[in-house]
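Each of the two complexes below includes subunit A, the first together with subunit B, the second together with subunit C.
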Partner chain A sequence: MEYIISLGSWVLTIGTIVAIYCILGLALNLHFGYTNLPNFGIAGFFAIGAYTSAILTVPHRFLEMEIFAGFPGGIPGRIEAPFIVGILAATVLAGFVAFLIGIPVLRLREDYLAVASIGIAETIHFIALNELWLTIGSAGIRLIPMPFAILWPRYARPLFFLLVLLVLAIVYWVISRLVRSPFGRVWKATREDETVTASLGKSIVRSRMWAWVIGCAFMGTAGSLWAHYAMAIQPGEFVPTTTFLVWIFVIVGGLRNNKGVLIGALVIIGLFEQGTRFLPAFGAPYVVPALRLIIIGVLLVVFIRFRPQGVLPEKATTIEDHMKTI
Partner chain B sequence: MEDLLSYGLLTFASLALPALGLCLAIKVVKYFNLAYGDMVTLGAYLALLFNLTFGWNIIPAMIATLLLTALAGVAAHKGIFKPLMEKKVGPLTLLVVSLGVGFVIRNVLQIGWGPQPYQYKMPLARAIRFGPFFFTPFQVFMILCCIGVAVGIFLMLRYTQLGRLMRATADNPELSAIRGIDIEKVYSYTWFIACGLAALGGVFMSILGTITTWMGIHGLVTIFACLIVGGIENPYGALFGALIVAFAMEATALWISPPYKVAIAYVIFVIVLLVKPSGLLAGRRG
Partner chain C sequence: MASVFEAKEVYKYFGGIKAVDGFSMEVDEKQITGLIGPNGAGKTTFFNVAAGIYGPDRGEVSFKGERIDGLRPDQICQKGLTRTFQIARGLGEMTVWENVMLAPKRQSGESPFGAFFFGQVRHQENEHWERAAALLQEMGLYAQRNEYARNLSAGERKMLEISRAIMTDPEILLLDEPTAGATVDETKKIMAEIERLRDERGYTFLVVEHKMEVIMNICNPIYVMHNGQNLAVGNPGEVQGDQQVREVYLGG
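Here is the complex of A and B:
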């Protein structure tokens, strides 16, 4: 019985993490798969979401901890806002920051946009590390409340898992809907040929900006869920490795296919990143994680070499499908 | 003010060569290699191997590192990128592949050396006074080496056969291939030069700071900012950009806040994009 319970909590833990990564993957698919915006700044928007939600909802109890005795001013936002405010604010703020960043950066050619977005994510990481008044620096914010934990402490984790699944379902639905709508078809058209799309009177700049902002806002949502799930965040989590992992599972799973993204997240994050966590470790503590990342890197190269379309390739839209949607 | 000038010059010496290398690689081979940052890291760690483990002096260690990293760059190009380029995949796919390559390099180094930062073992040296500035002999060597190599690269581009081949391939690969240039060979030479420059930059950066597996990613970010400021695909612009970024970074470290050194490179980058997206030296022939 105990074995079953511990197995259950293991699946629950991995399931929640995978579901959060799925949201990041779907957002990246919207950026890179459908609109051809290589966003390498996922960790940055993830961090914006996580920190916004954490700062808004962190309880007074945390600020009264001894470590802050000599802290100038403490952190702002001692408002103990409820979770729902945190997640909405995280989404909106991540989208807004994306909009501001998008004004200069979306002018860049695709491969330069990739490097520029790494820089943006690193800048956000530096801000989280150094603006102590806002983020408490490398110590990170702790005691972030998990929703339901006060009402039903016993069922907090399963309920939170369901909540994450619900958000994932909403994100999945919104993205699939958008991509099929006339508004989203401009994205695919831009991806295939900018000149033709522009000549049909569609604004490339505006359509790219919308895709950029919507995707980044969803990354913020995922960040908020992460903060409330982990209940403690620190800047070291929002490094380029996080971004690269998302990229790799999206490519392996099947770029431009939302179901493929979910499979990729399950296989790479679920089985590989988290599932091997309890296998016996050997060597120094950093050897096994590094080995895992090496295998993931090799997997990426092999996949692009031999199966560039991923496990599930993009579904070609047929006339019949199209007629059904309208 | 003296501090700003001397630190700025040193930072410039560490940024200029990798910026020039990346610029050549983008100009000639026409895809963006994210693993370039990790080539910088690889250079730093290889020099660490020769310097700390084998006990060599830093200068022979640097030369050995330069050759090995350059060969590693060519090997990565021939083994991984060339087969993909033959399948006519887009530059963006190559970029994503380079992400995986960088992942592998970084984590192999992590297994070899662990997560802690390192420094080279160098003999203590008294700083020499140059007017109002103080430099150690090795720092003088760094600055001279940087200027010498950069001038050498420009002379090579301008007057040697290889330089002409590289410029021709950069201008029009199809036409060059039709005219009988073995462009695959030109690509290999370009990667050799670019990764050699990355290794030198890696060693110089590690002498100014510490060696970590992350230095390459941060390095790539700053190097890229140099390219944007000067105008991508313009080698003179790369050096000019490195000068501006280096001095801005050191000014930030002195007067604003040291942790934001790297972030300031990005502020400049965004300003340049808003004001003159093609770069400050765009349009001039390199």
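Here is the complex of A and C:
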């Protein structure tokens, strides 16, 4: 019985993390798979979402923790907004920041955009590290409330898992719908050839900007879910490694295929990155954890060499199917 | 006859290269106007200036009496001028039907919010597909509608590009070497299609070619461009009889 309970909580833990990563992966697929915007700044928008939600919702009690003796005091712990406000604000703010950044950055060719986006994410990381009044710096924000925890503490984790699944379903549906719609065609055309697309009367700037903003906003949503799940965040989590993990599972799962992204997240994040976290040390406590990331790296190389289209490649929709589903 | 498209003294230099060097032309309504010239004469650069990919260094380009130089390519297309490319630029990783359905202007589903007005999007998609399907049938591409564009032959890609351009409902179509890379049969078919579109639908065309024989039969008037400048203009007979044109084309 105890075994079942611990297995259950293991599945819940990993399931929640995988579902949050799925949202990041779908957003990246919208950026890179459908519109050819290589976003290497995922961690940055993830951080904006997480911090926005955390700052807005963390209870005042947080400021009374002993570590804050003598702390000048800032914004966190003064608003105590409910979760729903946190997640919506996280989404909107991540999208808005993406819009502002997008004005100069989206003019760049894709390779330069990739470099610029890493820079943006690192900038956001350092803001989180240094703007103490806003983010408390390297100590991070703790006591972030998990929704349902006060009402039904016993079921908070399973309920939160369901909530994350619900958000994932919404994000999946919205992105799939957009990609299938006439607007999605413009995105794909932008990816294929900008000059041709512009010559057919489509504004490239508008097409790229919307894809960028929508994807980044969903990364913010994922950040909010992460903050409320982990209940504590600190700047060290929002580093390029997080970004690269998302890239890896999207490439392995199947760029340009949303189902492939979900499979990629399940395999890479679920089985390797998280699923093996609690493996016994087999007598070599430093080797096994390090091995996990090595395996993921090797897997990436194998896929890029032998199956660059991923587990599930892009599937062409026939016009007949399109007319039925649009 | 009213002219719909006019270029006045257009200059476009790239460093020391005078790609277009004071070229002028007019295109009359419902005519197939030809633009010929040897390789490197500046035809494609002129097209790129006309379609907004480059702004001219000097000179004016106007469409229906309105200046269009300096506008972006998408704005120029919205005004009713659509161009195709010399090397057929299919949107390769998109199906044939996606290629043609991309083109119609003012699609309500082309915004992140508009995409969620299901009824309206469905209605418009049906309308556009009805037109597109008929067009693909005419062009002989209907059977390949669910293929990726990259799997088509060179001639088929040219046909697809012309179909896509037609789906934008242009008032004038600028075709850059519509038969480049096409077989003899495909060339005949493409040319016949252009004539038919002019006769049946009243389209205006400006066709660039460097193979003279291809457009001698269907274009009138024909402008001859050489070193970025006007060399001659006239009906096919006049152009063919012009001493200077013969020199440029046949080396004297």
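Quick notes on this structure:
In this text, the second predicted complex is superposed on the first by the 311 of 326 C-alpha atoms of A that agree within 3 Å, B and C clash if a C-alpha of one lies under 4 Å from a C-alpha of the other, contacts with A are read in each partner's own complex, and residues count from 1 in each chain.
Assume contacts are C-beta pairs under 8 Å (C-beta built on N, C-alpha and C of every residue); 3 or more make two chains touch, one makes a residue touch a chain.
Here the structure is a predicted model, which means the values were calculated and not measured.
In this superposed model built on subunit A, subunit B and subunit C occupy separate space and fit side by side. Here subunit B and subunit C are compared by how many residues of subunit A each touches, and B touches more. In the superposed model, A:Thr195 makes contact with subunit C only, not with subunit B. Touch criterion met: A:Glu110 reaches subunit B, while subunit C stays clear of it. Look at A:Ile127: by the touch rule set out above, it reaches subunit B but stays clear of subunit C. By the touch criterion defined above, A:Arg305 reaches subunit B but does not reach subunit C.
With chain A used as the common frame, the shortest Cα distance separating subunit B from subunit C works out to 11 Å. Across the interface of their complex, subunit A is touched by residues 31-32, 34, 80, 83-84, 89, 91-93, 95-97, 99-104, 106-108, 110-111, 114-115, 214, 217-218, 220-221, 224-225, 228, 232, 257, 259-260, 262-263, 265-266, 269-270, 273-274, 277 of subunit B.
If you check the complex, the residues on subunit A that touch subunit C are 177-178, 181-186, 188-189, 191-193, 195-204, 210, 214, 314, 316-319, 322-323, 326.
On subunit A, the positions that touch subunit B within their shared complex are 36, 38, 103-105, 107-108, 110-112, 114-116, 118-120, 122-123, 126-127, 129-130, 239-240, 244, 247-248, 251, 284, 286-287, 290-291, 293-294, 296-301, 304-305, 308.
Residues of subunit C touching subunit A in their complex: 51, 53, 72-74, 77-78, 82-83, 85, 89, 91-95, 97-98, 101-103, 105, 107-112, 114-116, 118, 121-122, 124-126, 129, 145-146, 148, 164-165, 168.
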